[in-house]
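Here chain A shows up in two complexes: once beside chain B, once beside chain C.
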Partner chain A sequence: MLLVLSEEHKEHLSFLPQVDAAVVGEFGRIALEFLRRGASPKVYEGAARKLCVPVEMVQHGVEGLMFLMTESSKHMISEVDFLDSVLVLGFSEELNQMLLQLYLQHHSQIRSILSHLPSSVPAYHNLEWRLDVQLARRSARQQFIPMLTMRVHLTRSDGHSDFNSRILQTDPSTLLHLISTLEAALAAMKTGHARRILRNIK
Partner chain B sequence: MNLDCPDWVLAEISTLAKISSVKMKLLCAQVLKDLLGEGIDYEKVGKLTADAKFESGDIKASVAVLSFIFSSAAKHDVDSESLSSELQQLGLPKEHTTGLCKSYEDKHVALREKLRETSLRLGRLDSVSWRVDYILSSSELREVNQPVIQLKLQRQGAESGAPETTVVSVSADKFRVLLAELKQAQVLMNSLQ
Partner chain C sequence: MELSESVQRGLQSLADQSVFDHGSFQVLVDVSFRSLLSSHGDPTVLGQPEFKQIDQILLKQSHTAAVTFILEAVKQNADQSTISSSLEELTFSAERTEIFYSAYQKHKKDLERLLASIGRGLPHITDASWRLEYHMKNGQVDKVNDPFYLISLNTENEGSSEDINFTCTVEQLQDLVGKLKDAAKTMEKASQM
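For the complex of A and B:
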């Protein structure tokens, strides 16, 4: 699969051949840091000063490089396709090889970062439970009501590391029903229908 | 223990066997400190496992398996001999097992206490403070002349676990009712101790 680069993108990347190879490597590193931690304007300013070019050129160059890397990683482009795609930029062979190396070294990392991006539903993290028996209340003594109290820890949907928790309370018969429903759900994975689908995905 | 042993525990027991039994006892002491909430000194653990050339993955696995063994044993109130025979059946060498069980015996009560404290409790009451005021007069009535109690309850929120404060003001009659009811509840609680 070939990447199609927009005109604007090509213009941004045209900055790259004007600097020497070591700088391109440095830009690659900055682009990856950008992916991991977000942009840092100070780094752009420092680079722009050293190369005597305007800050926007540096910023566009790095962003263009980063976009190239993410698009390639997203589509899992093979080496040959990657080289063909950057051929249209008209860079030197050496520069093309550098870009290819950058891509090959980092594409699995980039894919794992990208896979964390879309927000997901809250997911199960941990469960604490407690079994008690209510013996009396203000209006009624001599009771015997067993209850299970649970606190479910869920990961937050925006991927932050802190957890939501929900408090749930149930009586034993509902609990048994809950358990049997969940076991039925687990057993559904082993039916022929589910197995056929899984086999075809693999 | 009447429990199935998870596969990863079986695998990591063989990792544990690689360090000497003396170092094993010191490692147990560190893991127990962590379980009792005193924190674990990873540098010391690193030094203990350095001879056996544990990598960071092995170190984490050994700490995890010891944590699991101690907390499960305390959870089900397993006695020392059963623990010892169970571990030897799973393949832990005798000297290691003896060291581990001795550490378990020493800290067994403290561990159960700690587990009891950390059990799920919703909205734990942290403190109560009170104040008695005497209302002289108000905008509605020129002479009120009544006592009123202000109660400040500090508790951990049920859902969030963050500290919450509730302030209530109670008139004298209502407070007498509250006190009587709470005393009845206290009698019931004492009868169960």
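For the complex of A and C:
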């Protein structure tokens, strides 16, 4: 599939052929850095001063690159489709190849960044457990209650490396019930129904 | 068992045949266990016809004393000899001690559970539900095509319930189940010691 670039997007990118290849390379690096860690406008000011161009021009150039990279990574377009899509920009062959390399080298990382965006539910990261026996409490002495204490580490919904951990307990019979319930979940992956669907939706 | 003076006094009047006859003694013992287990402090439990002849202040004192004695005994996990000697010291007849003890034995498990539920604890997992989904695409990324699970752990804490929801991949769920199985194995070994 081909990307359809808007007139505005084309205009933003039209800044790229006006500068050196090294500068385009630098813009590419900045664009990826921003995708990874978020944009910082100060970088635009510094670059604009060096190149003696308005800040907006640099900003549009970098953002245009970011958008080009995220759109092509989103649809995971092929090499040929990427080159055909950027053809309308009328760039030199060298510049097109540079953009292609940028795309090919980073598309999997960009996809993984993008895939973190929509998840609003925390994701499982790790589980630690400990076997405890409750012996007494203020309201009851001489108890003997076995308990499994667990800490479930979840990655926060906004992605990245922030962890959110919950401490939970359960008793032996519920533990066995949990195991059999979750084993049933794993078994559901192996059924003919699930395999058929996984095979056919590609 | 250490008992305060007012509890001792209340139990002494409960032991007294001239205050509580055989019938009303049995009903009071019964009512005292019921106040703890099913009627949760309902004041009307003392409105039984058997109590009509009894001085209302003495009745309330004896009821309070019996309830306190029961709670203290369960809390200390008192055995038959401790209970019998305590009651006999408070002038209980052998027959009344026996009536009290058999009621105590009958309700002890439920009372233990009641006392064990008092106080702070960690959220307790009671059940889990799951859903298997196939992530095809979203607003940001096309052709994701990844199966994943939505797991919901149902927990309870001090009467309120909460669901802990998270997603995990097939490998992560295998990891989770593997760890829970390790824990179950350890638990089984520990129970055989």
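As a convention for this text, the second predicted complex is superposed on the first by the 122 of 202 C-alpha atoms of A that agree within 3 Å, B and C clash if a C-alpha of one lies under 4 Å from a C-alpha of the other, contacts with A are read in each partner's own complex, and residues count from 1 in each chain.
Everything that follows uses one rule, which is that a residue touches a chain if its C-beta (ideal position, glycine included) is under 8 Å from a C-beta of that chain, and two chains touch if they have at least 3 such contacts.
Fair warning: this is a prediction, and the values are worked out from it, not measured in the lab.
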### Task
Considering only touches as defined above, state whether A:W129 meets chain B (first), chain C (second), both or neither.
both
### Query
When the two structures are overlaid on chain A, which partner does A:P146 contact: first (chain B), second (chain C), both, or neither?
second
### Task
Would you check which partner chain A:V4 touches, where first means chain B only, second means chain C only, and both and neither mean what they say?
neither
### Task
Report for A:S165: first if it touches chain B alone, second if chain C alone, otherwise both or neither.
first
### Query
Looking at the overlay, does A:R138 come into contact with chain B only (first), chain C only (second), both, or neither?
both
#### Entry: Larger contact residue set on chain A - chain B or chain C
C
### Task
Go through the superposed model and pick first if A:C52 touches only chain B, second if only chain C, both, or neither.
neither
### Query
Across the two complexes, what residues of chain A are contacted by chain B and by chain C?
129, 138, 141, 149-150, 166-167
### Message
Per the contact definition, I'd like the list of chain A residues that touch chain B in the complex.
### Response
128-130, 135-136, 138, 141, 149-151, 165-167
### Query
Can you name the residues of chain B that touch chain A in the complex?
119-122, 158-161, 181, 185, 188, 192
### Of chain A, residues touching chain C in the complex
70, 73-76, 111, 114-115, 117-119, 121-127, 129, 131, 137-143, 145-146, 148-150, 152, 154, 166-172, 174-179, 181-186, 188-189, 194, 197-198, 201-202
### Touch list for chain C against partner chain A, complex
74-77, 112, 115-116, 118-119, 121-130, 132, 134, 136, 138-145, 147, 149-151, 153, 155, 164-168, 170, 172-177, 179-184, 186-187, 190-191
